[in-house]
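Going in written order, the chains are labelled A, B, C and D, and every chain counts its residues from 1.
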Amino acid sequence: RQLVFDYTLQLADTSLILSHRLAEWCGHGPILEQDMAMTNISLDLLGEARNLYQYAAELEGKGHTEDDLAYLRDAVAYKNPLLVEQPNGNFGDTVLRQFIFDTFHYFFLKELQNSTDHRLAAIAEKSLKEASYHIKWSSEWVIRLGDGTEESKKRMEAAIDELWTYSGELFEATPTEKALQELDIIPDYTSIKAEWDKHVAQVLQEATLALPQDQWMQSGGKYGRHSEHLGYILSDLQYLQRTYPGQKW
Amino acid sequence: METIVEKSLEDIFEEKIASEIRIEPKDWMPEKYRKTLVRQISQHAHSEIVGMLPEGNWITRAPSLKRKAILLAKVQDEAGHGLYLYSAAETLGTSRDQMFEDLLSGKAKYSSIFNYPTLSWADVGAIGWLVDGAAIMNQVPLCRTSYGPYARAMVRVCKEESFHQRQGFEIMMTLCNGSEEQKEMAQEAFNRWWWPTLMMFGPKDEESPNTEQSMRWKIKRFTNDELRQRFVDMMVPQAEFLGLTVPDKDLKWNEAKGGYDFGAIDWNEFWNVVKGNGPCNKDRLKARNKAQEEGAWVREAAMAYAEKAATREKKSA
Amino acid sequence: RQLVFDYTLQLADTSLILSHRLAEWCGHGPILEQDMAMTNISLDLLGEARNLYQYAAELEGKGHTEDDLAYLRDAVAYKNPLLVEQPNGNFGDTVLRQFIFDTFHYFFLKELQNSTDHRLAAIAEKSLKEASYHIKWSSEWVIRLGDGTEESKKRMEAAIDELWTYSGELFEATPTEKALQELDIIPDYTSIKAEWDKHVAQVLQEATLALPQDQWMQSGGKYGRHSEHLGYILSDLQYLQRTYPGQKW
Amino acid sequence: METIVEKSLEDIFEEKIASEIRIEPKDWMPEKYRKTLVRQISQHAHSEIVGMLPEGNWITRAPSLKRKAILLAKVQDEAGHGLYLYSAAETLGTSRDQMFEDLLSGKAKYSSIFNYPTLSWADVGAIGWLVDGAAIMNQVPLCRTSYGPYARAMVRVCKEESFHQRQGFEIMMTLCNGSEEQKEMAQEAFNRWWWPTLMMFGPKDEESPNTEQSMRWKIKRFTNDELRQRFVDMMVPQAEFLGLTVPDKDLKWNEAKGGYDFGAIDWNEFWNVVKGNGPCNKDRLKARNKAQEEGAWVREAAMAYAEKAATREKKSA
């Protein structure tokens, strides 16, 4: 139960922080339609995060709400992987960050549907529909920008150079994750990694972008060892709850 | 010969207007009708797009996950309204790119209300309640406007706007039922937004030269002052219900006219903001210009890719 | 007493927010020596703000500390003029913002030394020494950048275009200020404005920059009607005090 | 002939070293001595400059006005140390610009400790207490280093550093005497910084090939392992005093050697961070490169103005 709680929180943090980053684009996108698309994905992830926080609050059984869990924990208590807290950069950076995540997310949710934890399975099933739209959106944009102009290709190469190092952590199981994998509550990452590799290779090829070489992978986020970016996200995110504690909004 | 045809086209047009038949894109219309519409619709579209900014300013700081989701969805709806409206204007022969350019160069206007800053969370409530409220007051009659695509776009817009207004009212209600600090926050926001909202209906009738023609063409259905009066009459009881004080010491019920008398509007402020001197005019245009400039490479790449893809398809066909 | 409290707080907010903006440069300046210079000015202003908050806390007499006043008021309670909360922009923007403020600050403190409020007079005297260094630094940099390269001139022109509109508020007396001026607690702004005009004209001329035409002046900050920038400053500034209320640090 | 002169110069140099007489800029010195010094001093200078970033990350979020002032002043001191050290290195014939370029291109190194992120306010305390503590341990002996300008710079640096260390200790003490949350914050920071701090003394003696020569030249006065042992022996009691647990289950007092035995250092991590794979290597260089690029126009303008001013002066003279 503690394990499921910890892990559910980790998933919730992941969706919330990525949703938050995408929401930063709202009103500032390069094309009106894509502004709306990013907000859509942001909303989907926010919805997923809320479902997960609600479940986590129940598992915890201390009468906390989804908002308590999201708004009253400091940076080191957050357990999202480093990838999702990386700054938006330019649109290409955002697209690539999304592509790395969406591909993982899609194949992961597909497996999580079979979880012996029925609640997680149900959340996965619900989110999968959305995730299949996300992976489509970000794959198409990787292709479009990779195989677009010379400038857009260069930017995508720079984005890969910048963000690839955060892809490994998604598949690196923490002790909590390992324990849950043994209990069949969450899927093994090996097969997901294989599917991820395949899809990513395919898309990059179509995008005329080189598949990066094996390289050093950053990790730490799942253990609460974040980049310096997360603190600033939280000081905005939590500002009102912290400033006026215990109020209804 | 041509004059005769023109005349009869104009007669047909006038007849349609008179009998409340919608004008459609392929119909003949007077050049001034077309221009008036393009100006009004694009201005309306720009307002939706620029209007994303003040509320968007609170997305990263919304006080609960639920409020954050609602706010995100609302701002996204505004982008959607912008899209409908640009499409409606495009049926009149002006491209979205052209309209965008006019916005960014400062040539085209947008609603001055969005040149005021959002300084507290209560502003998000106040905008939903007051600004969307005023917008609806303006827009509901536009669902019956004489130009078909515009009228149809407004039907969709109005449906969503009234939803937004309820959400805004709900935020205000929550604050007004909350702690002392929250009530103060709500009152303080109300104080700042009340007068600028009244200005949203535009100048006094006697100083609104286009109103008459627009009403004859049934683009507009009510005058500025009529709508403003209706708005005040609707909002004052709502403010009372919330326990908020309207920041107007001259406000009082006028039994004779069956409506409220209210204080003088500071038209200097209005014209000043229209001229570009509002607190946020510069910031708003800067934000839009930045988005446009930084997005240029994306639009170019998308276009280049589409061309390549089309060529490839042709070859393989 | 209430008037002096309100006004002292306004002065304190002004110095604190400008100090905060300058501190954002620390470690990111264009030249190591200027990085240090900006930090120096930031430290001076922070020191002045602390003296003022301490005095305000005494005047208030509710047992609040300097930190309570700085860390526990929300944006609309802050009364600094809009100028000091404007973003740093590039180094030229920062220099010009500083030049507009320093020139006011210097001539203002000179007069405030004669305040019938001895505490304000003492704080003014103490800060004046520092302020005379500040006005020298920013004036010299306006000249250097205005009369430097074509690019630097262009950037200074853009900075003037951007920031001039916030200069008027410094000299616009609020009802509180008017009342205090009548009590000889604070100086009349007319003579200060004349000295400001003279120094500014001199420096801009030497900088080969055109003196801006009369134009619309933004105001509102002194009444708590700020730009949208202040909220973000405060969510960082106040984050720890808000997150862990009532602790010692 | 020349060989003889050279030899005698080398003899003089060696004699000075032997009798603890400082080498000064104009003195003859072996090329390798010069190179070693430039590398070490510039690396040290770069560490001060890059070291501004992790602590600077908390300036806008410092928890009280007093702490904010202290932190600002501290980070400013680091810039000052950078300046002294660049000047000392310049006496050896390498320009600051050149050294900067080597830093920005990634050619020159800086202390790996600054490639770790600061994640909580306690990190500011931990850096002051541990990292500055380790720096002092390294630097105090350098006040007696054989190259004059370096030794004199270090005297000034060390004075300020020990002040910083006290401030860091004070932050930790305040947290450890504070609420449960604050204590946890302090412990959590301690856990993250302890091992990287031990790595600051450099590789084990047997894997530090330059140490021997540097010691012979009296650039270095103690080996890496000697300094590391001293540091552990000094810090463990301080941690106990603060009520913090050293995150090393193998740590225990060794009566025989009169010092602590401690667990194995993860040298993989060390070399990995040195190679550029630390959590913040990229961010640090990006921040410095950004400052450099965005400041280019300022430096050019200052130069152009100085030239103009000089010309004007000449003319008027």
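Operating definition for what follows: a residue touches a chain if its C-beta (ideal position, glycine included) is under 8 Å from a C-beta of that chain, and two chains touch if they have at least 3 such contacts.
Not measured: the values here are computed from a predicted model.
> Going by the touch criterion stated earlier, list every chain that contacts subunit A and also contacts subunit B.
Under the touch definition, subunit A and subunit B have C as mutual neighbours.
> Tally the contacting C-beta pairs at the B-C interface and at the C-D interface, and name the larger one.
C-D
> Rounded to the nearest whole Å, what is the centre-to-centre distance of subunit B and subunit D, using the mean of the C-alpha atoms as each centre?
Taking the average C-alpha coordinate of subunit B and of subunit D, the gap between them is 58 Å.
> So, what's the distance in Å between the C-alpha centres of subunit C and subunit A?
42
> Let me have the rounded angstrom distance from the C-alpha centre of subunit C over to the C-alpha centre of subunit D, please.
About 35 Å separates the centre of subunit C from that of subunit D.
> Among all residues of subunit D, which ones touch two or more of the remaining chains?
Answer for subunit D, listing residues that touch two or more other chains: 61.
> What are the residues of subunit C that contact at least two other chains?
Touching at least two other chains: 74, 231, 235-236, 239.
> Once bound in the complex, which stretches of subunit A touch subunit B?
16, 20, 23-24, 26-36, 39-40, 42-43, 46-47, 49-50, 53, 66-67, 70-71, 90-92, 143-145, 147-149, 151-152, 155, 233, 236-237, 239-241, 244, 247-249
> Under the touch definition given earlier, write down the residues of subunit D that touch subunit A in their complex.
Touching subunit A: residues 54, 57, 61, 117-120, 188, 192, 272, 277, 279-280, 282-283 of subunit D.
> Sort out for me which residues of subunit A touch subunit C in the complex.
Subunit A residues touching subunit C: 74, 231-232, 235-236, 238-239, 242-243, 245.
> Please name which positions on subunit A make contact with subunit D in the complex.
Per the touch definition, subunit A meets subunit D at residues 74-76, 162, 216, 218, 220, 225-228, 230-231, 235.
> Taking the touch rule as given, give the residues of subunit B at its contact with subunit A in the complex, in rising order.
Interface residues on subunit B, with respect to subunit A: 49, 52-53, 56, 59-69, 72-73, 75-76, 79-80, 82-83, 121, 171, 174, 177-179, 181-182, 287, 290-291, 294-302, 304-305, 308.
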